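Two complexes follow with chain A in common, the first pairing it with chain B and the second with chain C.
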Partner chain A sequence: MNQKTSFSSAYGWFIQRITGILLAFFLIVHINILHFGEKFFIDFNMVTERLQGSFWWGIFYIIFIPVVLFHALNGVWGLVQDYRPSSGLQKTVKAFFWTLGIVATFYGILAITTFL
Partner chain B sequence: MYEKKSGIIKYYFDEWGLNKNIGTFSWLLHRLTGMILALYLFAHIIVVSSGLWGPESFNTWLKVVQTPLTHFLEIFLLACIALHLLNGLRIILTDLLFVTKQHKAIFWVAGAIFVLFMIVTLSVFLPRVFSH
Partner chain C sequence: MVEFRVFRFDPEKNKEPEFQSYEFDPYKGMTILEGLYYILENLDSSLAFRSSCREAVCGSCAMHINGIYRLACKTQIEILKSPITIRPLSHLPVIKDLVVDLTPFFNHFKEIKPYLIPKESPPEKEYIQSVKEREKINDWLDCILCGACYGSCPVCAQDDKYLGPHALLKALRFVDDSRDGGAKERIAFVTQNSGVFRCHTIFNCREVCPKDLDPTKAIAKLKLKAVFKKF
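Moving on, here comes the complex of A and B:
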């Protein structure tokens, strides 16, 4: 355990809590509208109508997507560390998670723009 | 403490065997629900991104994922989300507001909110499962 790793873990721990607070808000809004609304069969028109109803929905998902991906991958990173992997494997997994997170963020935001 | 773990599942069972308490239970539950939700997240992004290929593609995929079985599985998904969210808020409260001594009481409050949430969820989703 060198000092750099400790700093990285501390940031990860803190950002996990901040993203967790943000996700509580994002998820309650997202799930309440999509799963507890009157219409429960979701289709393209319904999603488009909702997202074009307010400019803020675009902003909502552009923030929500990277936040949820960071929280998810940082959380799985914690599980990976439970396994006590070698430093080489840690670097490989970390690089893979960062690549996956960045690609999925752009892909997710691109997917949302279809409805805007 | 830092020895390499030979089997991750065994490690979790061992931890439970050593510390059968609320803290270990919620720690294990948080890892289990977190893993399920992380896997679901990527499946969700793939399904929603079908919109990139047009409304027909999106609607076809949405028909596949809106069946009695998937509506039933959504109850399980919402249970995972609620457990992870409530336990996550419990962790944040104990970590950032320094209320570690109250963590057991917060656990039971979170548990009560979870039960109420599941009663509402079941009342909404069970009719959907049988409405197809």
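Moving on, here comes the complex of A and C:
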């Protein structure tokens, strides 16, 4: 038994579960508001109205963005591992996913905060 | 009359495996293993398969019988529909017919150190284990290392480095043992890349285990122990 292994995969697995539970809540709210709201169609005005109307909607999406990105990218990372990539490729893919996740989170938050 | 369709392959002689059919009259209560012995003794002496105890104890006769991994000695012919298709365990190299090379399976088992590791200060005489402490490992003790779970696991099919349900269940058996001092080392080992977190919770191992063990639950427990460092 080698002991060099870390517990990072344990935390990845755990956070995947937590974000999964949060997503269930976020998605119910998100889909409900977009598709079953008062208005039948979705347009830019509707989004602007909602985000400018309430500080809490801003907070909702600022949390929603990193949660969904972590869950999605970590899920794809799990699938990638099923194909047994070499350790070099694993590192590259992991770095790519982290970069993509961080950039997309900042971009998303920036987009949300411009409305607030 | 019953028909056995048996997987035949000799890597030294054949290019491709094939199924060979044998027909015979089974007696009441005859098991698949007894059927294979009937074929060996009366119809085809070249057929290769493993067995030893003939009573679901040694684990050597696990094979794929009519779509499910089972022990040939524990499965009666009359509960199955003829023709009965018999294949060897999957994800392991075939040595001949129903005999597979179990080296990768046992290597993974050895990797988790399947023995008690002494604690830092072992008792002078003996380890005393209370009834309650013993009960904690009850659910993980009866594994006979038959390989049915390993054969049924799609993660084992994809990744020969994956430790497998049998090794992970045994790891928990030692982690949960009050006499063992290697829990930290074992948990660190099973959280490696090819350890517990490769498990997709597919439940096949639990479904096929002939000893009614639950490797899926054992793996889930190891995951939680790794996260909360409870060991």
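In this text, the second predicted complex is superposed on the first by the 109 of 116 C-alpha atoms of A that agree within 3 Å, B and C clash if a C-alpha of one lies under 4 Å from a C-alpha of the other, contacts with A are read in each partner's own complex, and residues count from 1 in each chain.
As a convention for this text, contacts are C-beta pairs under 8 Å (C-beta built on N, C-alpha and C of every residue); 3 or more make two chains touch, one makes a residue touch a chain.
Keep in mind that this is a model prediction, so the values were computed, not measured.
Contacts of A:11 after superposition on the shared chain: chain C is touched, whereas chain B is not. More residues of chain A are in touch with B than with the other of chain B and chain C. In the superposition on chain A, contact of A:81 is made with chain C only, not with chain B.
Comparing the two interfaces of chain A, the one with chain B and the one with chain C have residues 82-84 in common. Considering their complex, residues 111-113, 155, 158-159, 161, 185-186, 188-189, 191-193, 195, 197-198, 223, 226-227, 229 of chain C touch chain A. Partner chain C is touched in their complex by these residues of chain A: 1-3, 5-7, 9-14, 81-84. Partner chain B is touched in their complex by these residues of chain A: 17, 20-21, 23-24, 27-28, 31, 35-36, 40-45, 47, 68-69, 72-73, 75-76, 78-79, 82-86, 104, 107-108, 110-112, 114-115. Within the complex, the chain B residues that touch chain A are 2-5, 8, 11-12, 31, 34-35, 37-38, 41-42, 45, 48-49, 51-52, 55, 58-59, 62, 66, 71, 74, 78, 81, 85, 88-89, 91-92, 95-96, 124, 128.
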